[in-house]
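Listed after this line are the structures, all set down as structure tokens.
There are two complexes below, and they share subunit A, which is joined by subunit B in the first and by subunit C in the second.
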Partner chain A sequence: MKSLEELQAIRDKARRGVSLRGQNDNAVRVLVGMATCGIAAGARPVLNAIVEEVAKRNLQNVIVTQTGCIGICQFEPVVEVVSPQGEKVTYVKMTPEKALRVVNDHLVNGNVVTEYTIGANSN
Partner chain B sequence: MQELSLNVMDIAQNSISAGATLVEISVKEDSATGEMAIVIRDNGRGMTAEQAASVTDPFYTTRTTRKVGLGVPLFKMEAEMTGGSFRIDSKPGTGTTVTAKFVTSHVDMIPLGDIDATIRLLIACNPNLDFVYCRRKNERGFTLDTRELRNALGGEVPLDSPEVQVWIEEYLAEQTQMIKEETSV
Partner chain C sequence: MYRSNVLVCGGTGCTSSNSEEIITRLKKEIAAHGLEKEVNVIRTGCFGLCALGPIMVVYPEGSFYSRVTPDDVPEIVEEHLLKGRIVKRLLYQETIVNDSTIRSLNDTPFYAKQNRVALRNCGVINPENIEEYIAEDGYSALGKVLTEMTPEQVIEEVKASGLRGRGGAGFPTGLKWSFAAKNQADQKYVCCNADEGDPGAFMDRSILEGDPHSVLEAMAIACYAIGASQGYIYVRAEYPIAVKRLQIAINQAREYGLLGKNIFDTGFNFDIDLRLGAGAFVCGEETALMTSIEGKRGEPRPRPPFPALKGLFQKPTILNNVETYANIAQIILKGADWFASMGTEKSKGTKVFALGGKIKHTGLVEVPMGTTLREIVDEIGGGVPDGHTFKAAQTGGPSGGCIPASELDIPIDYDNLLSIGAMMGSGGLIVMDDTTCMVDIARFFLEFTVDESCGKCTPCRVGTRRLLEILKKITSGNGTMEDLDRLEELCYYLKENSLCALGQTAPNPVLSTLHYFRDEYIAHVKDHRCPAGVCKALTNYYIQPDKCRGCTLCARNCPVGAISGKVKEPHVIDTQKCIKCGACMEKCKFGAIVKR
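This part shows the complex of A and B:
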């Protein structure tokens, strides 16, 4: 059985400085469109894949969050990656598999996955 | 929508957009009456009676990116096509409550789906908001309240930290399994 004591243990571990994700301004933000259009197109498994992979790799400088409809519903599920400098890359028609590649190539190694971007898919 | 849990995510998103700091989601099933009730209650900015009446109209939306708003109308349709009901209670400055009731045996009943994933992701992506998730099936049920988790974490570890996420995932899976076991007896 999971108990609240386990959470207290996590807190105590954090207190000892073993692991704690610091709040920082240098984080890369990953925005997943979760309005009706995004959800209906399959955004939840995409978001789930990103959250799980970021947790698994213990990426410290990544904030994953939801966003609303950005107006390009025909391209959903849409994932935007925003660098700390504010540069934005928009990935379209995402799947959980594509999302994993974005985490690994883009977030971890800094290489934009050009073939999934809106620029490569808008024809 | 393929799963009602996706509608829950969608409607909860409206609560978040409305500036809610607390979103309460409850899913209650009763085999005796054959009914499932999904309630999403928030303490967001709320709506006037006029707005609340118009949100079930697909051609009403506050969004500026396009002219249709399908989230609420879809959820309403899905409830009503099972012979269930749908209502919105809202008050400016107080919040909004969306209640959808489903007749689970109806041929048009859409499965609830992975509601745990919805709850988990809502918490993971909105670590500064509080969620209360109440799940009940007949006699068995459980509640996950992020305010309790926050309290146990002493405000020192954010709810979106990987360790806490894993705890939430396992807690939900464990509790959901217990409800299912009870039902199959």
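This part shows the complex of A and C:
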């Protein structure tokens, strides 16, 4: 170890690995439906795409977690984004590509991708 | 990037209840489902809730699974890790509110009142990975000290924090460092006392197992403060997991250039070596410990000269306890004021206690100084189980004393404990209920000190043995009232005349039980009765004829054939033959057998 900068660099890199642990009430929660229906419809690649993208962009205050079936199996894979205030946006029929756009538009820029939401797809 | 972290406790408690096999099974199941790239399995240090081990926590959900068996693993992997459905039947029940919503572990009674400073990384990071320690600001304090602070400033900061030695005596740490810094010498040493010997105490072990780098970093800081270049950690060989993780930590720190030559390019050199103790209790005493590091028989020597002047190899040395060191980096990073804001007027910061004995939540807790014993026992520890009542708490192991129920509300700090005849000790806290005989407890601790007395000084070598003999006389029903006076007199003699703290504090269990539970001693002597029914010589088993149905179960289970009687008629115990094993009482379905 030759400098504080070097220590800092290791710290920043290692922090991403442990950031999953611990409590954060101000975080946006991204819930991916991973019940049998979700998995069958392809939720795993969607979940992994979101985790990778969040890590790549080094987004703080985002917790990506899996959840069970919420009962709208025909719309799987389902991804829900819950704000710290509890507002919920439900995205349906997701793909890894769509998931990247949700990360970019919604999580980074705060714009809901209306066309992927359940409201736009239920007709 | 992993989407999920599974933390499995690798502390000694959980390891002995099979957490290693859980980890093996977990990795196998995860591989079978093709989740290796998504789920990271981490072996951590102690979570503190040892009573509920083996413990597993799954993040990001923060699900706290307790008493996990290897056979539960497939279900956890398939339900939780694959499908995202939390396995509720394995959750720690305190985290479930109204059977549906799940609350954070930190809101459960066991953790809510705790404030984790020394234990901050235990159960959070992987102790065998230096990068996880660095991620939690590890080694930043060392960096700050080497690049921004002078040794004097470091000592001033530690002094201002009010940190006192956590090994038991409570000597101000900063003051100790300043003495060693003042003494000039060509070589100085920094030592760590990890020879935790009190029965029931395991705080230091858990810190070494869960966060070994925090000790290394603090020792490096101490080294810079006093101008030393070599450190030794004296750890007992009975702690194999701690020894292994310490060695891994030292190797990794050397690899990263955080130990060795020219650390942070400042010209500061420091290295640490391990020395394993063979398990002698006296080697926890500072002069005996240093004699042992030198390769000699572990015996204490008179002080002065104090180690700060002539310690290891006759050079100025500081010796601090593991828990003391675990606080140092936080004091440097967060400031002395932050540390001093916790605790009482003369005892700052937090203290780790190992809860054991007759208590629901056996485990490790860290609370601010000044927390009352009642809060620790009833609220955090969950109280005394099985409908029994609290009788006393024993702190400080064989050097400490018993705190009776009447003193439950005193705020715990160094000075308050001393004033009621107990002592902080290293932090073992053994809870005793109404089935504990206080004379027997004193006898138990004296048996320990008799075994562990090194024999160098006569007051301790002979005195502890005479104390034990008197106690055995009382527990066997042959004591006299004069024995009680002699016991007390001998206690004060030992306190005044023993060479080291082992002998000086050995009478404490006797004195404190004599003070608070004299009636129990008198019952043994005058009434030949043991109120708690523990002392075998003073206890007899009887069958109450009106309750006995003559089922013959007791007679069939008696190993010595001391019970006789006809079927469907009340039975009788021959007290001459009875060996008082209690088997009959355990077997009787009608509660007809009593002990008195």
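Brief remarks on what is shown
The rule we apply is simple: the second predicted complex is superposed on the first by the 100 of 123 C-alpha atoms of A that agree within 3 Å, B and C clash if a C-alpha of one lies under 4 Å from a C-alpha of the other, contacts with A are read in each partner's own complex, and residues count from 1 in each chain.
Operating definition for what follows: contacts are C-beta pairs under 8 Å (C-beta built on N, C-alpha and C of every residue); 3 or more make two chains touch, one makes a residue touch a chain.
This is a predicted model, so every value here is computed, not measured.
Once chain A of one complex is fitted onto chain A of the other, the partner contacts of A:L47 extend to both subunit B and subunit C.
Applying the stated contact rule after C-alpha superposition, one finds that A:G33 touches subunit C and leaves subunit B untouched. In the superposed model, A:A55 makes contact with both subunit B and subunit C. Once the two complexes are overlaid on the shared chain, A:I10 sits against subunit B and subunit C alike.
Once the two complexes are laid over each other on the shared chain, residue contacts for A:I70 go to subunit B alone; subunit C is not touched.
In the superposition on chain A, A:Q85 makes contact with neither subunit B nor subunit C. Where the contact sets of subunit A with subunit B and with subunit C meet, they give residues 1-2, 4, 7, 10-11, 13-15, 20-21, 23, 32, 34-36, 39, 44, 47-48, 51, 54-56, 63-66, 68. Contact residues on subunit A toward subunit C in their complex (touch as defined above): 1-4, 7, 10-11, 13-18, 20-23, 32-36, 39, 44, 47-48, 51-52, 54-56, 63-68. Interface residues of subunit A facing subunit B in the complex, by the touch rule stated above, are 1-2, 4-8, 10-11, 13-15, 19-21, 23, 32, 34-37, 39-40, 44, 47-48, 51, 54-56, 58, 63-66, 68-71, 73. If you check the complex, the residues on subunit B that touch subunit A are 1, 6, 9-10, 13, 16-17, 63, 65-66, 69-71, 74, 114, 117-118, 120-121, 124-126, 148-149, 152-154, 156-158, 160-167, 170-171, 174. The residues of subunit C lying in touch with subunit A in their complex are 1-5, 7, 38, 40, 59-62, 82-85, 104, 106, 124-125, 131-132, 134-140, 143, 147, 256-258, 263-265.
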